[in-house]
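The same subunit A turns up in both complexes below, where it pairs with subunit B and then with subunit C.
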Partner chain A sequence: MEERMLMKGNEALAEAAIRAGCKCYFGYPITPQTEIAAYMSKRMPKVGGVFIQAESEIAAINMVYGAASAGVRAMTSSSSPGISLKSEGISYLAGADLPCVIVNVERGGPGLGGIQPSQSDYYLATKAGGHGDFSLLVFAPSTVQEMADLAVKAFDTADKYRMPAMILADGLLGQMMEPVRFPESYAPQPEKPWACSGHANKREHNIVNSLYLVPEELEKSNIARFERYETVKREEALSENYLTDDAQIIVTAFGATARIVRSAVNMARAEGIKAGLIRPVTLWPFPVKAYRDALSTAKAYLSVEMNMGQMVNDVKLAIDCKRPVHFFGRTGGMVPTPAEVLAQLRAINEQTGKD
Partner chain B sequence: MTSEIQLAGFGGQGILFAGKVLAYCGMMADREVSWLPSYGPEMRGGTCNCSVTLSDEPIGSPTVYTPDILIVMNEPSFLKFIDNVRPGGCAFVDSTLVDSKTDRTDIDVYEIPATSMAEENGLKGGANIIILGMLLKKTGIITLEEIEAAIRKIVPPAKAQLIENNMKAVSLGYDFS
Partner chain C sequence: MITIITGHYGSGKSTVAANLAAKSPGSVIVDMDTVNPYYRTADLKIYLDAHGVRLVAPMYARTNLDVPVLDFDIVTICDSAENTVIDMGGDDAGTYPLGKYRSYLSARDDVQMLYTVNFRRMLTAEPSQAAEVMHEIENACGLRITGIINNTNLGEATDEDIIREGIAKAEELSRITGAGIYAHTSPAGISYPDTLPVDVIMDNRLGG
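Entry: the complex of A and B
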């Protein structure tokens, strides 16, 4: 392993993408993700890659479509309002079965919102990345190291299943610096026999397209895609458990919020409250099993998010509503504090003690 | 051990840079570190602050709410943050730019006229590092070796003169009593 480097989350993600073989980056500036574009503009020309500051977010995502069609590892990044703009292109990428990486360093919404950290694009990422029947792989890093590691994982998994991957980060992770280590070797990229990379009169020409005017054919392609999704759900769900073995209260949080919850769990444990943390690392596929396994000790669940409770229903479904699922969140760019989460844990603990 | 540090002042005083030096010191000692700047629709001369945590454990919240150590380099930041310092903690105050006093007796307040010291010694812009020199002596959370290694790491080789100036600033703060 190489030495530890102190980097911003945005920069670590960009560097990792380059090391993972990303050769094309297309973006448009927006706070708090602009460091990704700035870093790419410096580094891409030096590694024989392409950096283009597109005229808009919509142009950038369609450039990703083009590069991905040619079999190249391509990436774009933006923050919440910019991701809304990219939705059409994301749907086309999914419909054409193209692997790529889309980074969303979230800020407060809706609308133009604010520029402080938020997680209010959970629904957008996991349920409604665009029109039509499709899902995205969604990775939620929680440290600067994971901003790097999951960028690599996103490219590998996207290629493996021929589907777009989203990295759902937030302003806190993008702006903060932590030590990061980059691995020295990377898995080789898979062959892409489907890519439109020039047939040189040696094979049939490939077509990458999302247009199917014959309903039977479109249905067939959707069903085939959803069969692939079943494999993804079985094999690619990732989560991290912290002190859950005997936990009576399971707190769940993703991304930067999980760090805050971890501190709160430590504080609660010091008071004798049996709390534990489940942190989903993939938001789609949702790590259902981790929540179900915790049912053996859990009396209640608490979801802590920087939004109005977008993950709560996924937790309820994961445990078939067998326990109460509480919610605590801050929104609009406000970040929950460990003390606030601890107060929630105390209240739930008192309540479950009575039951 | 965990040290939660908050640095605050005007944009342009090197608040973020001083925070970065502290974070690198933690890296040099192979500790866990995090550095988080305030970011917003801010402008030159506006207020600026950053949170730095040095720890032997994985770091939870990177935002520091109740610092063990506060560095303040202007009046508005002093007024805003002095009451947040954890009891038993300490504050380093640039007394060239901060007139207010606190009546808190549960924290150690170290005043140092860092901005005028920097100007008198031809180290304009070095007040931030002068304060780090004093912090090093009073708290012992970082060492002289670490801060020198950190500065060498951050300053590009083409600007070697800056390494010497920064180390001079460290000494000035260290020797101030």
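Entry: the complex of A and C
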């Protein structure tokens, strides 16, 4: 078995992508994700891959479009403002049904915002990664090990459904160091008979495109894509439950925040408050069933996020608004503390006790 | 005495630098990281204050302004302090700013330039790789590494086997580069003979 190494989240993600067969990385520096580009610049030339520091984020995402069209596993990464810039290209990738991985190590916004960790691109990732009718696969790692593991899963799932996948991390996960172990073997990459990889006069030439000359064809492609999304929703939703079996208060959080909440749940349990944690691992598809199943014991839900409450509506929809969904968040690079979350749990516990 | 701490990204430069400075109360520690605004010397201010170490950091450290500005003069600081620890940024990229002071530092006879290495880091896992990074750092500033600080660890998962393995690799690094071993470290909670205990860690803000 391979030895564990001490890695930053950004480095672990980059190394995992290489091991998953990523051959092309195109990026542009921005804090707090710059280590991904720095790591790729050192490693890619040694493994027969390509590293290009593009002239802009927009150029980088369009390079991903080109490489993915040829059937190559390709990746780009940035942080919040840079992902806004990539949005047009992401829409084109989705419209052309191209698998790829886009990494967002979020920082505070809106605008230039700040360099400290944030989760305020939840909407951007799950609802509006660009114009048009489409969705991205969105994975939310919570540990440095998961930065590695979900990078591999993102490539595999993207190829399986011919969809762009996004890793939605934050500055904490990108920068913090934890032990990581890489698997010894990886699933073989699927054939890509649709790729523009050279027909050698042996087959019809392939076309990768998002332009449709007649509206009937465009509508047909949109409907077919959304039928595929239904399969993804059924098959690919992932979540982790912690102490939810008897939980009267379900706290939910994704990414690094879930670890803070886990500490708060432990503190609450020590006081006799029956709290439990649901951590969505995929943000799209949203793990609706986990929230619905918890209705049997839950009297209230609490969403804790490093934003102004962007996940709250998804929780409300998951449970058809059958319970109150409270919210606690910090923004602008501020990180919630376990004590702050515990205070929220105490207040909700008091309230539900009266009901 | 001037002690310059260099090394690969994430090798533990800031924690080692803070630890060394804390062993000489009244010393000055200089945060010279112009590469990465996260997890820097300035984040250890509470620890440094508690140990009587004066922190000199760029005015924009710990703010949202991510610019490589050093608004202080190393010569003035070093001339006025008995003991100065200078904590550089990672790799060759983080060492370039030192080049400006090469002639000043070369003229003094009380400068030690140390290279921090963790053999549980992916790009310095083997002595040959660590030697490569070390030479890149020397070339970036035009100064020679005078000693190796072996800071091999796996965070909270560090055990005696990992420390032992690090010591063997550090000795190999010393052999192939000619730089002597300044110290082997051990994290708080593990007492390993003849090591420098490092009792400060960067807080990941996740509350355990």
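Keep in mind that, in the parts below, the second predicted complex is superposed on the first by the 354 of 355 C-alpha atoms of A that agree within 3 Å, B and C clash if a C-alpha of one lies under 4 Å from a C-alpha of the other, contacts with A are read in each partner's own complex, and residues count from 1 in each chain.
One rule holds in what follows: a contact is a pair of C-beta atoms (placed from the backbone, for glycine too) under 8 Å apart; a residue touches a chain by one contact, two chains touch by 3 or more.
These numbers were taken from a predicted model, which means no experiment stands behind them.
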Regarding the shared-chain residue A:Thr331, is it in contact with subunit B (first), subunit C (second), both, or neither? neither
On subunit A, which partner's contacts cover more residues, subunit B's or subunit C's? C
Have a look at where A:Pro32 lands relative to subunit B and subunit C in the superposition and call it first, second, both or neither. both
Touched partner set for A:Glu15, first subunit B, second subunit C, both or neither: second
Which superposed partner A:Lys42 touches (first subunit B, second subunit C, both, neither): second
Shared subunit A surface residues [contacts with subunit B and with subunit C]: 4, 6, 31-32, 115-116, 171-172, 175-179, 256, 259-260, 263-264, 335, 337-338
With touch defined as at the start, can you tell me which subunit B residues reach subunit A in the complex? 20, 23-24, 27, 32-37, 39-41, 58-63, 65
Taking the complex as given, what residues does subunit C use to touch subunit A? 9-10, 36-39, 64, 66, 93, 118, 120-123, 125, 153-155, 157, 204-208
Which of the residues in subunit A end up touching subunit B in this complex? 4, 6, 31-32, 115-116, 171-172, 175-179, 256, 259-260, 262-264, 266, 335, 337-339
Taking the complex as given, what residues does subunit A use to touch subunit C? 3-8, 11, 15, 31-32, 34-35, 38-39, 42-43, 108, 113-116, 171-172, 175-179, 256, 259-260, 263-264, 333, 335, 337-338
